[in-house]
Structures are given as structure tokens and as C-alpha cells.
Amino acid sequence: MRYIESFRDGMHVSDVFLCKNRQVCLTKSGKEYGNLILQDKTGTIDAKIWDLGSPGIGNFEPMDYVYIDADVTVFQNSNQLNIKRARKADEGEYVPGDYLPVSSKDIGLMYEELLGFIKSLKNPYLKKLLESFFVEDTAFAKAFQFHSAAKSVHHGFVGGLLEHTLSVVKLCDYYAGYYPVINRDLLLTAAMFHDMGKTQELSSFPENDYTDDGQLLGHIIIGTEMIGERIRTIPGFPVKLTSELKHCILAHHGELEYGSPKKPAIIEALALNFADNTDAKLETMIEVLKSAGDNNGWLGYNRLMETNIRKTTE
Amino acid sequence: MRYIESFRDGMHVSDVFLCKNRQVCLTKSGKEYGNLILQDKTGTIDAKIWDLGSPGIGNFEPMDYVYIDADVTVFQNSNQLNIKRARKADEGEYVPGDYLPVSSKDIGLMYEELLGFIKSLKNPYLKKLLESFFVEDTAFAKAFQFHSAAKSVHHGFVGGLLEHTLSVVKLCDYYAGYYPVINRDLLLTAAMFHDMGKTQELSSFPENDYTDDGQLLGHIIIGTEMIGERIRTIPGFPVKLTSELKHCILAHHGELEYGSPKKPAIIEALALNFADNTDAKLETMIEVLKSAGDNNGWLGYNRLMETNIRKTTE
Amino acid sequence: MRYIESFRDGMHVSDVFLCKNRQVCLTKSGKEYGNLILQDKTGTIDAKIWDLGSPGIGNFEPMDYVYIDADVTVFQNSNQLNIKRARKADEGEYVPGDYLPVSSKDIGLMYEELLGFIKSLKNPYLKKLLESFFVEDTAFAKAFQFHSAAKSVHHGFVGGLLEHTLSVVKLCDYYAGYYPVINRDLLLTAAMFHDMGKTQELSSFPENDYTDDGQLLGHIIIGTEMIGERIRTIPGFPVKLTSELKHCILAHHGELEYGSPKKPAIIEALALNFADNTDAKLETMIEVLKSAGDNNGWLGYNRLMETNIRKTTE
Amino acid sequence: MRYIESFRDGMHVSDVFLCKNRQVCLTKSGKEYGNLILQDKTGTIDAKIWDLGSPGIGNFEPMDYVYIDADVTVFQNSNQLNIKRARKADEGEYVPGDYLPVSSKDIGLMYEELLGFIKSLKNPYLKKLLESFFVEDTAFAKAFQFHSAAKSVHHGFVGGLLEHTLSVVKLCDYYAGYYPVINRDLLLTAAMFHDMGKTQELSSFPENDYTDDGQLLGHIIIGTEMIGERIRTIPGFPVKLTSELKHCILAHHGELEYGSPKKPAIIEALALNFADNTDAKLETMIEVLKSAGDNNGWLGYNRLMETNIRKTTE
Amino acid sequence: MRYIESFRDGMHVSDVFLCKNRQVCLTKSGKEYGNLILQDKTGTIDAKIWDLGSPGIGNFEPMDYVYIDADVTVFQNSNQLNIKRARKADEGEYVPGDYLPVSSKDIGLMYEELLGFIKSLKNPYLKKLLESFFVEDTAFAKAFQFHSAAKSVHHGFVGGLLEHTLSVVKLCDYYAGYYPVINRDLLLTAAMFHDMGKTQELSSFPENDYTDDGQLLGHIIIGTEMIGERIRTIPGFPVKLTSELKHCILAHHGELEYGSPKKPAIIEALALNFADNTDAKLETMIEVLKSAGDNNGWLGYNRLMETNIRKTTE
Amino acid sequence: MRYIESFRDGMHVSDVFLCKNRQVCLTKSGKEYGNLILQDKTGTIDAKIWDLGSPGIGNFEPMDYVYIDADVTVFQNSNQLNIKRARKADEGEYVPGDYLPVSSKDIGLMYEELLGFIKSLKNPYLKKLLESFFVEDTAFAKAFQFHSAAKSVHHGFVGGLLEHTLSVVKLCDYYAGYYPVINRDLLLTAAMFHDMGKTQELSSFPENDYTDDGQLLGHIIIGTEMIGERIRTIPGFPVKLTSELKHCILAHHGELEYGSPKKPAIIEALALNFADNTDAKLETMIEVLKSAGDNNGWLGYNRLMETNIRKTTE
């Protein structure tokens, strides 16, 4: 398959792409044409169907995989596709994994590493709670590995939720080793669960957009409820531990104005907030620097960093 | 019984009071003495036991009801009790209701009014949910009527939670009548439930202080979970309605920095936020003005109103 | 008359419209053409005069009513008019009311209701002051009924100032009934006057834009001065009542950063602030939801609500 | 007369002082005693009347001038007076000027300088308006010279309003000379009037406290109304000029959160804001440094400067 | 020379301009063309080279002075140049001063005035320090006179840094005359140095853009280091004076959130902050009003003034 | 030696203590007495000299080590010393280390660990710069090991600067291992230097208070200048690397309002900000929890954490 990032002016393309968006527009002379956004895992591209009535143009919907015949042209410094023929692709014609941005790390290995951390815990209740999700609840386990950690911003790719969670768990493990007052079992459990609500806040790929519950409740509350509900099925789970674990989830954004209804009141909540924030912000900057390609100069004002930024000189 | 607000210099007092606080202190000459705070429903008073070793001084703990013999004196412009004799009171010696600040409105009548609003709703799921708490769950119903709405600030008395809730419900009913786009059933249900988490955020009277869950989770999250758990027992409760109801509870403080993890996204959440805020702030000012007694001049800077305030001229 | 909201591609239109804006532009080939915005009470539309030198194109100015012959075309998904002939309309050819957005409620009835509230007051000075504006000052009374409450945002239509004022008065009446400490006469008077300065802050329809005084002084100060000046003509008007009434007007935005030079220091000022804010925000959301038409999904980020919003599910 | 700042332990004092405050308190043994604050222009001192029933103690009220016989003692590192005899002083026994903090500059000369600036203006309307206050309105002129510019903070002394106003006028005169785009007549007029509302916001010395209007309306609004009312008595006063002058008064605090209902929209309003702020802040720091006496080290955190401060090394 | 601001549709232009920017773009049909921005001291203009291969089009780079033959056309209401011939200009063909925005005041005279202030100081160390930069360090002196005070905002022209510095020095001189507690030598020295770091924060004209050090360190830190380094070459320079001078530079933005790492702790730092802020804001408004040309109405919302603004009525 | 934390009512004490503070006060009866604060490494205690004229009371100054004879009494629940005899101690009579709070970790070992990190770097310029301070500059090395990291808040003890620096270096080392894009040499160098300015911002123990430079310039600027000055002595030190290193120091507080004049613009600056903040906040909470002793309940509102806090349940 020829990927979008390799398109050059004048190429002819005959391949399947994911249709992210499809609209009918009017030319200045009043003629209708089709305006599409096509996607594969290397990026997206605008595509036009100038002759919607052509017999070669079949029916398809947004989020369909579509087989197209098209020419690459350049418009306002960007590549564009002029589509000659298009039809909905059959299931066997494509591999979904080719069409989604995906973690550069191996999802299976990362998950193994996460399970290893669960095994290392000592508190039987926390261990049982973690296993009930990550080991026994296969639907959850699958969703957790496949999900992104964001619609955009950072870790917005397949496996992103797992990759971010693992980074946070490891950083928390480092903290727990360095500051002995920290309760490692509580902190690592909270770290593994802290963004679990994102499995319901965001719909799955390829859509990866906010759900109704995501907008009305948010992943912090969804995750807290998921934990509360599951704990009620584990006899003898300590009451104080339940509250402390939920508190860590609730407080992990650190400040009320960032959506946490409580500020960290115990040290594990504070540590989780730092681990989450550190990985989120560093990964955000890493993704911004990567997307700059060969540009080693100043990249202008970055809204997330709230300052002009640039790569470090070698 | 002779109430605290009627004490005058030189009186002798022989009655039962609630002991809110008890500490042992040292005089400048190094002698130990007892420092108490006694309470009845009209207020609190400092009390001293200068001779802790006296045979007339029995054992008792904070939150005990205590029978005392004492003289009223004046120290730095405030009344004070010099206790001669003290002992833990027996259950029959006092009526608990005499020792707690209590709503000036009839709790039974207010509750009837609240049940009347439930009857007026049309949506069977919301009605069933409300009845499952306010009618069938007698422990909840009793706690709800007895609870305050705050440790201090506004409605900090027995029946305060009910009184505030009813005010909010009525104001919401007014809104629903005036702005037809509002879904009355959803808004009134949310209004009745909005502070239900306070039954667990604050301990019961006479203590009336934050619980562990109150500090770690807060009444917004506690209430949301209570609703979520109960809804799961009602077959067929609509999914979207569940989310919208929870959203109203979550968003009723209106701003992230006031502890709501989401801002109002539907009009009922916005309306509930206004009703809650209006009653809370007006009641706060009413309580401040009342506590000023006969002072018709400027009352100085009020931290809650963030300005100097005074009563309105007749 | 054929209204703008009913235009469809290919229609021919021969009618009078209000010309909100008129500019001369250049085509890419350097030729001048006319660029207009036409308005009726159902909306606005872009219109082009491609041949400015044509004998059918007469002279007219912005804010003139203009008779046009034109064809409806579609450009970039929006309707547009290609004007063939245009001339200033004569006075008898149109009814101004057809060209302005107007309250959906009957202005006469609303005004009657407002006058009813004035009659219900007991304080003779406040009553006299209200009548001197709403009854005896016919220029003011006419302007008050015709004015909008805003250039945009909420109640931005003919009768909007009256409609908003009446809503605030009624809500204040509800408060005064529920919280007995409130001085009803003072609160209702302040409610009726609170936005009176908008009659000078905004010019009349069809312009409905900020005046010089509106920008330099604002409706809060203008209204306070209007009241102060009129009170000086009423012998014996109590001094304290004057200050309290002015204070309510000054403080009705509630916070310094919203343009009130004082925060509410008496309970009527606080109550007015809540009533104004409640009606303004709920009406804003109602107008946003209405403008979404049939869209029952998420409407995206709303700048005024500072969050994503959607309609409530039936 | 022996001034308060010269009192030393063991001195006997027989003189007249202004009684700022008078309360009856109780000793620990329950005996009533009198607690006074006495003032002269060099400071204030606590004074006690231990035997209220003594025949030497006459009747007097706060704000009376009182003749006392007393001994200076030291309590907790501060001087204190033990009063033996006290009576209301007769008018001839004291010179009021001895009892008030007063500008170190000559009030008459400063006023002459202010009048000189009025003469230098060219716009006849502004000149007439200024003269109607500062020349023809003798009650206003007298109050203006006698008033302080603040209850505390800066320029809180007799003549303070005049001294601050003159500083602002001169700085504005400097601006007008340096930046030719500035309308000198408008700016200097606004400078002379900018704090005129303080003559009603604060009561006269010796009380010098906020009035009811001061608290409800504030000097910005009071001043704006004073100008508006007076202008209506001057035929032909230009409408735009009226609005611009009022705007300068309204906007002179520069930011909404500092109590200005409008931000500066014309350059004279902006310039006035800078002149006012510069003199107010520099004078505040000068007064703080003066009050530190010989202390050349760090003076600790200063709430007004929001930082630790110290004097500059010689 | 024919300046850009005098171009009209249809003119033919044969002159040298500064090439600020040069890019190769693609037409819709895929053909390359040149897209330039040309500048002279009266403004900038877009220019196109439609036939890049033409023998008349020579090689040149951004920031070169370029001789062009071109026609003026109008596109979307703006002038544009169609370039027929272009080549890099020789040094003798143009006067650089014609291509840069430049102070309207005489740079030489302003510099003389600045040197006069240095002569007026009494402290030998400060004098020596100033002379070491402004008199002896000819590279610095030249850069200081040529530099702008900003990339945009205010004083963004050749001589702007000097003009702004002189205004601040004069205002500080006024302060020092009016408030005797101010140490004039320290304040005027700090004023002359306060923005000296801009000679390294911004590159020279014609580029006038942020340097790497400008972005990473900022002019406040750069200037502080420049002073510190130079002082180490002056034997006996007092330690406290060094710290106070550096502090004035560091604190001259007045607030941490404006980039000062310390708030003003001595009165000269506070005075410098006011002088800098006053000149910067007034000059900003003056430049905005100038750029409005003949428009005497409201100029809309101004981001720097955070309000709508207009010129003052004559 | 008997340490302050072991004092009990009635003990007699004969030992040397550090005199942190000494004042002469007056009793209510006007008699002078001495008011001292004595310190050892376990805490501080108030001490009184009731008879200043006694022959046993010698001369000494604050910050002297003083030999005292005294009795322990209890006043208002705190221990207090009544001093009978006091004299300045001779050098051989005490070990300074007994009088200062000191890190619980071995300073020598920590310093070895720090030097190990320097050895692990590859960039010769950064290594040389680090060695010039930590190895060759023995005065700096000694001060660095002895200094605290704060006057109060966190790490406010001997060795605190080293302990905090080492924690930050290790956390940065972890980051550099986890995120390969990070330049480890730059980050670790910046980490080692980030608070070096504190050696001049705070005076040495036992005083440990802000210096004049500390207040006027702050450790961020002092450190940046120290680095800049030293780099100028290292031939060939890369210019960009200098700027990036300084930028990391300047930006390590992360936000302008926390005293950084620049926000992090390169990833090492961002990483350093997170490492510093994480260790500072976690250590602050750890110190607060430790100081709570056996209290396992809620510890009330903590100003640094901006919330109520408590220890985690075992």
C-alpha cells in the first residue's frame, strides 16, 4: 500500500483509505462536488470528486473504508486528490491497522509490563480489584489496549491510553522507591486506574471522539464510578482504602479548575498528580517537536506550552 | 430550662448542656484547669473548671450531655461559666432537640411539601427513583430531614438540608413554569437530589462535621454515586436520562473552581445552578443580617459577600 | 412579502428590504461591484450588484429601505442575491415592523403587566418616581417598549428590553414573597429601572448599536444619573432610599469585573443581581438552543456558556 | 501643648486631646472601666479610666475635645495614659488644627497653584465649570481644602485631597507638554475633578470615615453625578465634551476590578489613570518609608506593595 | 523614489525595495511562481513573479535590496505588484534609510540630550558606568541609537529604543524633582539602562526580530548581565549600589506575570516601573490613533487597551 | 547534652544553646526583662531573664552561643526557660553541629553521589563547568554542602540544598532514560546548578535568612549570573549551549508568576521544572506529615497544599 505521507505531485493512486469526512459543496459556478477527508495511519489528505454523477462514483458513508482511483495534485502548497473512481471497499480488501495512528511501542509487551506491576503488589484487595479489570474483564482489557488517551493533544493514537498509563505507573514506582512514606500499592493501583474512564469518555477508533457520557460526566467521574461499582463486588474491601483510591482518581488533575472536584489530600494523590502531569506535558512537547520535522529554528507560539518553543541544539 | 442566650452576669445555672469541646489547660502559675464549650440550641458559651480535682467534677467526654452547677461571670465582654459541679447526664434528663440549632420551619410540613412535588412529576422513572429514596428508604428519609446543609455558612442547623432543598425545588418549579423549554421533571428531580450527598459528607448532629468521605470525595461525587447505584436497580431506566441527571448534580456548583467537575451543558443543569446559588447566597446574607441584631449601621467587611454590608433602611 | 428565511436557489425576488450595509468592492479583474447586506425580521442575506453602472441601479444609503429585483443563487452553501434592479423605497411601500427582529410576546400586554406591578407598590415616593418615567414620560415609555436589551447576546430584538425587565421584575416578586426580609417596593423599583440606561446606551432599531454615551459611560451609569436627576424633582424623596435605589442599579452586575463599580451591600441589590443574571443566562441558552434548529446532538463549544452544550433529550 | 509623640514613661499630662473612641469595658474581676483612644496631630494613644465613678470624671462623647489629667505608663511596650480627671473642653481651650494629621505643605499656597492651573485653560466651558466649583462654590472649596484623600493608605490627612489632586494635575500638565496629541484642557479639568467625590465619600475630619453614600455609591460615581448636575446649569456646554469628561472620571481607576465601570477609551482617560496611580503608589511608599524612622534594613512584607521593601542605600 | 504608500492601480514602478520575504508557491494549475513581500519606510506590499524562468528575473535572497520593474494591480481591495524584471541592487543604488520605519525625531539630537543627562549626575561610579557604555563603547552606542524598542507594539522603528529611553529618563527626572526622597542618580541611571538588553533581544534592522537569546533569556536578564559584567571592570563600585541598580532593571516590568522576576522593593524601582509603563502605554495608544488616519469614530476593540477606543473630540 | 525536645516541666538545664533572638521587654508593672529564643538542632524554646541586673547575667548578642542555667516551666501549654545565669560560651564548649537542623542523610555520601553524576556526563564543556564549581571551587563546594534549600517551607536544614539538588538530579536522570529526546548532559547540568544561587540568596547557618542580594535579585538571577561569569573563563564554550543552560535555570519555576522571567521553551527546561516541583512539593508534604507526629486524623487546612490533608491509612 502507498501511504499518504509518501504522495507526490503527479502520482496516480489506487488504494483503500478510511473516509473520515464527506460533504457535498458547490463550486462558484454553482455545481455540486464532493469534498472528502481520507486517512491512513500516516496522516490525512483532502480529496475532491468533481463529477459526482460519474458512473464510477459509488455510495459510501463517513467512517467507511473506500477504494479510490485518483491523481495527486498540489493546491496551496498541500497535496490533494482528484478522485476519478470510488467505491466502498469489501472487508477483505484492507487491514484496519493501516488506517489508524498507532503507538510506536508494542502493545502486547506494554500490557505484559503492566500485568507485571499488578503481580508485584502486596495488598490482596487492590490486587484482586486490578485483576478483576485487567485480567478477568476481557472486554475492558481489550478496550484499554486499543484506546487512545485523548482526542488530540497527547497520546492520541491506538495504544495511547496504555502507553501513557504505563509511563505514569513507572514514574510512580520510581517515586515509591525514592520516598519511603508513599504507600506503593495504593499509588500504583491509582496510577493504573487513573484514566480508565477514558475507555468510556472517548469512542473507539476510528472515531475517537467524545461520547455523550464523556461530555456530561468526564473520565474522572466515570472512572471513579467504575471502581466503586466493582469494589462492591469484592467482600471485605476496606472502607478507608476505597475512599483513598477514589480520592486519588478524583484529585489526579491536581486543581479544581482542571476538573478535579478535590485537591490532593493524601500524598499518593499528590504523587499521582505529578506523575500524570509530567508524562502528559513532556509527551505533548515531544509530539510537537516531532511534528516539526527538520525545522530546528523557533516553532512559534505553542498554545499548550504557552510560549514560543524550539528543539534543543545538538 | 434556662437557655444560654438568656444568661446574665451573676446568675446561677443548674442544667444540662451539650459539651462540644473539652480541653485541659494550664494557668500562668502552671496549674491545670478545664476549658469547655457548652452548647444549647440558642448558642454556645465558654466554661471553666478551675478545680479539676474537686469531688464534684465527674468524668465526661466531648459530645456528652453534661449536668452542671455554675455561676455566670463576664470576661472580656463575654459571658463565661465558672463550673462548681459537673457530671454526665442520664438519658432521661434532657431532650436532645433543646441542644441543637434547628430550622424555624416545621420539618414535617416541609417534608410533606417535598413529597407533594414528587407526586406532581410525570416521568415514571424519575418518580420511581425519587420514591425509592424519599419514601421507601426510611433511613435516608430520616437522615435527610435531620441533617444540616453545612458545617457553617448557611442552613447549618437541623432541618437545614431539607429547608434549602425545598427552597431550591420551589425556585426550580418557578423557572419551569416561566421558561417552557425546561424539562420540569428532570429539573425538579435534580433539585431534590442536588445536595443529597451531604447526608454522608457531614456527620449527624450534634457533631455536624466533615466525615472522611466528605473530605476525600465531597457531597457532589457522593450524591452522584448514590444515584448511579440506585438507578442500576431500576430496570429500563433510560441511559441518556441517567447521564443528564448525574450531570445536573455534578454541575450544580456552576464552575470548576467551585468543585463541579463539569460546567452546565444542558439548560436544567444551568437552572439548578442558579436556583442553588440564589438560595444559598440570599440565605447567607439573611443569616448575617439576623445575627447583627439591632445594629442598623454598617456591619463591616463580610467575607462571604466580599464587601461591607448593612441592613436596608425601613 | 417573501421573507429571507424562505429563499431557495433559483427564486426570483421583487420586494423591499432594509439595507444594513453597503460597500463598493473590486473583482479580481479590478472591476467595481456593490456588496450589500439586506435584512428583514427573519434574517440577513448577502447581495451583489455586479453592474453598478446599470440604469436600473438607483442611489440609496445604508439603513434605507430598498426595493430590489434579484435572483437567488447559492455560493459556498449560503444563499446570495444577484441584484438586477434596486432603488430606495417610498415610505408607503413597506411596514418597518417586517424588517426587525421582534419579541415573540405582545409588547402592549407586557407593558400593561409592568404597569400593574407599579400599582401594587406601597411606597409613595418610589411609585411616583416609577410613574414619572413609565406613565408620564411618554417618550421614555415608547423608547422602553421598542428597545432591545442588547446589541447581540440575549434579548437583542424589538421589545427585548421590556421582555427582560418584566422577567426580572417577576422573579424579584417571587423572591420578595419567599424571603420576607426583602423590601419588595425597593426591589421591584430597582428591577424596573435596572437596565433603563440601555435606552441611551444603544441606539434605536434598525441601527441598534452602541452610542457614544453607551461606550463612554455605559447603561449602569446612565441609568443611575437618570434616576438621580428625576428624584431631584420629587420633593421629600428620602435621602437613604435614593442611595439604596442607586446602589441597586450600580451593583446589579454583581462583580466589579462585570462593570459594577460596587458589589451588592444590601439584600435587595443582591437579589436583583441574581434575578438579572438568572434571566440573562437562561434566555441566552434558550436562544442558542433555538438557533440550533433540529440539531439534537452536541452543538460544540459555546463561548457564553464556556462549555460544549446540547439540548436535553426528550 | 505637649504632643503625644513626646510622651515618656512617668510623665504627668494635663492637656486637651481629641477623643476618637470611648468604650466601657470590664476587668477580669468584673469591674467597669473606661477605654479611650485620644488623638492629636502627632498620633494616638490608649487611655484608661479605672475609676469611672470618680467625681473628677465628667461626661463626654466620642469626637469631643476633652481636657484630661493623667500619668503616662508603659504596657506591652506601648505608652498608655491612666486618667485621673477628665471633662469636655470648652471651645476656647484648644486649636482644632493641633489634633489632626495635616499636610506638610501649605494649603493656601497649594490652592493658589490649583487656581493658577484653572486660569491657564482655554476652553471656556471647562473653565466655567471649574470656577463654578473651585471659585464660586465656597462650601465646596472649603471642604476640598480640608479633606483627606483617604481613610488610611495615602494622603490620609487634612489637605491630603488637595495635595494629591495638585500632584496629579502637575503630572498631567507634564504629560500634556510631552505628548502633543493630548487635549490639555480636558486632561487638567479631569485631573482637578477626579477625586472630588471624596468630599462626600468620606466625612470631614476629625471623623474622616466612610459615609453611607461613600459605601453605597463610591467617590467615582458621586463625582460623576456632581459634574453632570453642574453642567446642566451651564448653557451650551458641549454634549461630547460632557461625556468625555465624565468618562475620564469614571475610568480613572484604570481597571474594572479597581472600581472603574469603564476602562480608559480616550487618551486623556488613560493619562489621568497613570498620573493618579503614579502619585498614589509613590506617595504610599514614601509614607511607609517615613514611618520606618531610622530602620534602614528590610521592613518586611508590605501588603500595598505586595513585596518586602527597604529604603534605598544612601 | 516612489514610495509604497503612494502606489495606485495601473502605475508602473521601477525602483529598489527591501525584500522582506521570498517564497516559491504553486498556482492551482501546478505552476511555480514567486511570492514576495517588499518594504520601504512607508509600508509593505505583496508582489508576484508569475514567470520565474524569465531571463529578467535574477537571483536574490530575503533581506536583499532588489531593483524591480513592475505594474501595480488591485487584488481583494489591496495593491499588489506584478514583477516583470528583478535583480539584486548594488550598494550605491539605494539609501538604506529609505526602507526602514524611523523615528520622527532627530536621533542625533536625542542622543545629545541623553548624554546631557549623564553629565548631570553626581555619583562617580554610576557616571563612569554610563559613560563606559554610551560614550566609550561605540559599538553599543551605535546599536542603541539604531535599534527599535520592539518587534511591534510601540516604538517599533529605527531610533525607537532611544526615543523611548529618553522619554522614560525625562519622566524619571520629573519624578526625582517632585519627590525628594528619590535618589535621582540611581533612578536616571536605571532609566537609561532599563531596556539596553533589547540591543541583543532583537536583531538589527531591517530584520528586527527576536534573537535566540532574546527568546531564551529576554532583555531584562540580558541587560542585567551586561551591567553586572561591566561593573566588575570598575574598581570600587559599591556592592549595594550594584544590587540596587540591577534590581531596578529586573523589576521594571512591575509584576512577575509581566516577566520581572522581582517586584519593585525600593522606590526607584517603583518609579522606573511607572515611567516605563506610562510612556509605553501612551505611545501605544498614540500609534494606534495615528494609524486610524481620518477616522474620528469608534475604532473597535483594541487588544492592547482591552477596550473599544476612539480619538478625543476636538 | 540535653536537647530541647526532651525538656519537661521542672527540669533544671545547664548547657550551651544558640541564641537566635534577644529583646528587652517590659512587664506590666514597667520592669525590664529579657526575652530570648534559644535553639538547638531539635527545635527552639522561649526563655526569660526576669532579673537583667543580676551579676550572673553576662553580655551576649543574637547568634552567640550562650551557656545558661535555667529551670523549665510551662506557660500556655508550651515549655519555657527561666534563666538564672547566662554567659557567652567559649569556642571549645560546644559543637556547632548540635545547634542546627540537619539533613537525615549523610552529606559526604550525597556529595560523592553528585560528583558521580558529573563524571557520567559526556559533553566536555558542561563537565568542565561543573567541575570548576563542584570540584575546584572549594569555597563553593563547602557552602553548597552546608546550605539549606530554604528559609522555611521544605529542605530548610543543613545539607538541604544538596539533598534537594540530588533528588532533582536523580529524577532528571530517570526522565533522560525514559524519554530519549532529552539531552541528558544539558538536563543534569541544569539540575545540579538550578538552585546554586541559594548559596548567596540565603545567609549561612545559623542565620539562614534572606540576604540583601537574595531579596533584590533572587537565587534564579544570582545563579544565572554565576554561570555566565564562569563560562566566560572557559574558552570555546558553545554560545547556544550557554543560552540553553541559562534558560533552564531561568525557567525552572515554570511560570512567570512564580518568579521565572521565561517559561520553559526547550524540553530540558520543562523537565527540570517538573523534577524541581515534584521533589519540592512531595518533600513539603512529607515534612508536614512528619511534624504531625502521631496524629492520624485530618490535620486541617494546609496553606502550602491549599487543602485539608491527612496521612494515608496504613
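Going in written order, the chains are labelled A, B, C, D, E and F, and every chain counts its residues from 1.
Heads up, the rule we're going with is that a contact is a pair of C-beta atoms (placed from the backbone, for glycine too) under 8 Å apart; a residue touches a chain by one contact, two chains touch by 3 or more.
Molecules present, by chain and UniProt name: A, B, C, D, E, F = Hydrolase.
Just so you know, these numbers come straight off a predicted model, no measurement behind them.
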Far-end chain from chain C (Hydrolase), centres as C-alpha averages: F
Same or different contact residues where chain B (Hydrolase) meets its copy chain A (Hydrolase), judged by the half mark: same
Duplicate of the D-E contact set - from B-C, C-D or A-B, the pair where over half of the pairs recur: B-C
Contact-richer chain pair (by C-beta pairs counted) among B-C and C-D: B-C
Inter-centroid spacing, chain F (Hydrolase) versus chain E (Hydrolase) (mean Cα positions, whole Å): 44
Distance between the centres, which are taken as Cα means, of chain F (Hydrolase) and chain C (Hydrolase), whole angstrom: 62
Shared-contact residues (touching 2 or more other chains) in chain C (Hydrolase): 212, 215, 240, 244, 262, 265-266, 308, 310
Residue numbers on chain D (Hydrolase) that touch chain E (Hydrolase), as the complex places them: 167, 170-171, 174-175, 178-179, 181, 183, 186, 238, 240-241, 244, 262-268, 270-271, 274, 277-278, 281-282, 285-286, 289, 305-313
Touching residues on chain F (Hydrolase), where the partner in the complex is chain E (Hydrolase): 212-213, 215-218, 220-221, 224-225, 228-229, 232, 240, 243-244, 246-247, 250, 256-262, 265-266
